[in-house]
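One chain, chain A, links the two complexes that follow: it is found with chain B in the first and with chain C in the second.
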Partner chain A sequence: MKSRQRTFLLMTIPALVLFFFFHTFPLLQGVFYSFTNWRGYGEWDFVGFSNYLNVFQDMRAWSAYGFTFQFAIVSTILVNIFALLIALGLNAKIKFQKTLRAVYFLPNILSILIVGYIFQFIFTLFLPQIADFLGINALATNILGSPDYAWIGVVIMAVWQATAFNVILYLAGLQTVSEDVYEAAAIDGARPWRRFWSITFPMIAPFFTINMVLALKNFLMVFDHIIALTGGGPGYATESISVLIFRGGFEGSQFGYQSANAVIYFIVIVAISIFQLRVLQKREVQQ
Partner chain B sequence: MAKKQKKKRNWLVTSLLILGSLVILFPLYLTINIALKTPQEMGEPLLSLPNEWRFQNFADAMELTNFFSAFTNSFIVTTAVVVLTVLSNSLVSYAIARNMHKGFYKALFYYFVSAMFVPFPIIMLPLVRQTAIWNMDNLFGLIVLYIVFQLSFNVFIYVGYIKSIPVELEEAAVMDGASSWGIFWKVIFPLLGPMNATVAILTALYAWNDFLLPLVILTDPADATLPLTQYIFQSEFSTNYNLAFASYLLAMLPMILVYLIAQRWIIGNVTRGAIK
Partner chain C sequence: MKWIASLSIVSTLLFVAGCSNHQADDGKVELELFSNKAENIGTYQKLIERFEAEHDDISINLYAPPDAETLLRTRLVKDDMPDMLAIGGSAIYAELSQAGILVDYSGDPMLNGIQDAYLSMISELEGPEQTGIHGVPFAANANTVIYNKQKLDELNLEVPKTWDDFIYALETAQSAGEIPIYFTFQDAWTTMPVWNSISGVLQPEQFATKKTEGALTFAQTHQEATGKLLTLLDYGHDRMYGIGYDDGNRAFAQGEGLFYFQGNWAVPEILTTNPDMDLGVFAMPTTNELEENKLVSGVDVLFSTLKDSEHPDEAAAFIEFMLEEEQSEQYMAEQAAFSVLDGVLSDDPYMSGIRDDFAEGSITSFPDHFYPPGMGVENMVQEFMYRKNADDFLNRLDREWDQIQLRF
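== the complex of A and B ==
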């Protein structure tokens, strides 16, 4: 029995060591550097909490948080609405079910960076050409070039790419709902809308929770989309927090400062995820 | 009446879904279309089909992006990461799942899983320095990091799955004198089939498509992976859309081909991974 325990330890120790050195150790370093004025090279001093205070007074950081949240919340809601509708459709008795499922999952296998480049082309050249042809002046300009509307372009591309994965999770959820419940409800005369709200939705509530949490968490970390679509512009209008930390840390010699920003970002994401889980799980239990 | 409903196909939903799928297929149609046109034809309406299919775009794009080198790099990284991830992550999860009643393993489980909520940018800056100092700013480093970063999510789903496998199966093997390693490889690992497939698919998609990690870790241009070459290519040749789109298509093609061949299996396995 003792040798069995030793084997279990041997199975875990290598992974634990690797995980510590390539995940936890950098994390601890990041927290450490956030209290210094290190530029990524040369000498440095401890500066206490001044990096943190500076982040709060940094308009560029505020703008990055503002954009990231606006983008992430809108995208999360849209992705979940579309994913749920598509999953309900794909779960219904439809023709070409397997082909349609394959098509709807397709965006998930494509690189976000490349999809971003394709959408950039659509927004800059294709849509204006179509709008011109149809005589719709409002759409004749490239929305990615507008500080007010560029974020909508990022949302459209992100939703297009991300919905597929959530469809899969909702489909998995819908398959756990047994057919008998619907038959009983149909006999009781429940209409489709009522069947959805009273049966389907409560039954797939855990899947709704996990989809909301995962989608929001992923969108808050948005990076590839921005690089491919707008590069953060125009100005800093679509600069996300990840992009800001990347740019400031590697190109702007703000290693220490952006580390503080990253710690704040970390705390914000953990707080939101816990809050979301609490609220959504409470809803699950009530029903 | 319920029986009757069961047989009736819902044509309204079918038509709506077909209409919706156009939204997904359209950007892909545009990509293929433009990849096959000549620069002169870009002046014509973008939706129109190419007058003559210009496959030369692909050859030019391959040369400009050094396609075969990038493809080889992506292929090596993805294959190594998938194989090592499935073997190592399932093993760790097994040890944890079978010892969850012990404090150490329980703590380990929460330690790994809680890392899912650590945003990459917070470890990005120190990690880049660390990999440079340890001579890991290359494909080897990339492989190690992908395996480590996937651990959180994989432990989470593997442990849930392993717990549902009856311990009695192992006890029988113990009676026959099998060692703990033997039990894992001969009894547990084969039973993990669907879960291994799910993890392999998700890991392959992640390693093949990821852009940020190669961007910050790799220092030698010869190590560039496919997404990285698209990024460099885009900044240098952004004006020639035909070449750019041919290049995008080439980078996506291997995954699309695998998907076309194995899509039913892929979707089925990812769904199964989601249920557990």
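== the complex of A and C ==
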């Protein structure tokens, strides 16, 4: 057995080394630079915690946090509702089941940037033209041009693109539910709604947990969507934290300062993910 | 099969770009020229070909990626800089020259004959802590009001010379059912031409330096500018917040709007859509005093060499070549740009409206070239255009500016 263990160890070490050098080491470097005033080049000094203190006084960072959470929470809820509905539909005995599954998976294959540019075209030219034609004045302007509503445009595009991935996970979950339970429920006279709430949903609870956690984590790190659709505008209305860190760090040469922002954000995401797992796992059924 | 062909071209290009830093096998000196403009790639390529024909031991690789300034900063972080830069005289130049990585050209004969206005703009960008001129200005741009000549004639109007004339023209256009100004506010940066035109003329001398020192604030000095911007917003159109640069150029070319706030760089773009369009440009008359109204103009392209480049002589030869009359004239004509050389005036008919400003040196610099990079002033201006709350906007500019100083 000893030699077998050694083989397994040898198999894991390369991955561990690569992970350390390309992931953990840069992370530690980022933490290190967050205590300096480094611009990304040239000389620097240690500045202690002043970067961290400044982040808390930075209105732009606060507004980025506000937007990111608003966007992530709304998108996570919508994605999970749509993904579950579509998965239930695709799991039922319907015609063209396989083709439909492929079609619903398509958005996930497309690059977010490309989807973003297409949606930008739709919002800028296509929708206003239709609205003009139908005489609906409220929709005749580009919603991406309004600081109050631009985030809705980003949500629509993000949800459209992200649902596909969660559908796959829910489908996998639905297939683990055995037919017997449904048959038993049918004999007891349970109606479809009751069957969903009392059987299906509890049985796929672990998949619900993982979908919520993954979706929220992905949406909290939203970047490509913003770059393709609004560039963070109008004003700072749709600037997410990742975009702010990238902008400030590279365009503004605030490498040290934005590293501090990134470290704070890292802690926030880890904390939220742990909290979510704890809460959601509690209500999973023990199988 | 077309896409396969284009795919292979793209991958070849990527391969070539990836190899650009290596010495060629045939003993040629290879220089990498990094440019931050996408509009002039074609012109550069023609000029580079001519240069390479004259100097068969030098080959120049032009590299002009999208979002070039961000890329240049990431390369700076990685310490992987090109040999030569062709960048604008703006915040990126200020940063690179302050980093002490560019060759100092002060006293170099190449600077002879360049208009003083541009040389002093460049040296102001160097900041208070150092002196020197770390780039050779080549082409200038101008922030203008582009107008539809045909519509102006139909409305029996003259090119406005004062603020009151301008408002009168807007009123006339509005009552005739025309869109007076075709604003484009979807992109943050397209809100800047109008902001630069107005605040460039109205802000105090050396504003950026004084603001950093804490001697002045936006709230004290920019009230008139925000007031005038708010006035102009009444003459926009219904969809101005949802239209960006490309859509705006297209719409203006198709005859929407009497005036259009953009720089001279937009003129070739507009003419691509509608080659027969009769358009002209003028400097925004921000005040009622003729002498105070100036053309906002800046250094659009300057050439500089990195101190670390292994081939400084070859780089200098290329810059000298570009400054020669033939190349310079071809560049200015193809790009509708302006030469920074004293007495060399554009004979482009579209640009005749601002010829006198250049001849008289009635020029002031782009205010936003002096704002701290990464502050995102354009986003704040864009938000102001939408919210129309001047006090909030000016206070926010002041606060962000002060906060950025704390980060270094």
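Keep this in mind: the second predicted complex is superposed on the first by the 274 of 287 C-alpha atoms of A that agree within 3 Å, B and C clash if a C-alpha of one lies under 4 Å from a C-alpha of the other, contacts with A are read in each partner's own complex, and residues count from 1 in each chain.
Criterion: a contact is a pair of C-beta atoms (placed from the backbone, for glycine too) under 8 Å apart; a residue touches a chain by one contact, two chains touch by 3 or more.
All values derive from a computational prediction rather than experimental measurement.
Of the two partner chains, chain B is the only one that A:Thr7 touches; chain C does not reach it. In the superposition on chain A, contact is made by A:Phe255 with both chain B and chain C. Of the two partners, chain B and chain C, it is B that touches more residues of chain A. In the superposition on chain A, A:Gln29 makes contact with chain B only, while chain C stays out of contact range. Using the contact criterion defined above for the overlaid structures, shared-chain residue A:Ile112 touches chain B, although it does not reach chain C. Looking at the shared chain after the overlay, A:Gly153 reaches neither chain B nor chain C. In the superposition on chain A, A:Asn51 makes contact with chain C only, not with chain B.
Common to the chain B-facing and chain C-facing surfaces of chain A are residues 40, 125, 250, 255. Against chain C, the residues of chain A that register as touching in their complex are 37, 39-42, 50-51, 54, 57-60, 123-125, 128, 140-147, 231-237, 239, 247-248, 250-257. Of all the residues in chain B, the ones that touch chain A in their complex are 1-2, 5-6, 8-11, 13-14, 16-18, 20-21, 23-25, 27-28, 30-31, 34, 45-46, 88-89, 91-92, 94-96, 98-99, 105, 108, 112, 115, 117-130, 144-145, 147-149, 151, 179-181, 184, 205, 208-209, 211-212, 216, 226-227, 230-231, 234, 241, 244-245, 248, 251-252, 255-256, 259, 263-264, 266-267, 270-272, 274-275. Chain C meets chain A in the complex at residues 69-70, 73-74, 76-77, 79, 95, 99-100, 185-188, 238-244, 247, 372-376, 379-380, 382-383, 386-387, 396, 399-400, 403-404, 406-408. By the touch rule above, chain A contacts chain B in their complex via residues 3-4, 7-9, 11-12, 14-16, 18-19, 22-27, 29-30, 33, 40, 86, 89-90, 92-96, 98, 100-115, 117-119, 121-122, 125-126, 129, 133, 160, 168-169, 171-173, 175-176, 183, 186-187, 207, 217, 220-221, 223-224, 227-228, 241-242, 245-246, 249-250, 255, 258-259, 262-263, 265-266, 269-270, 273.
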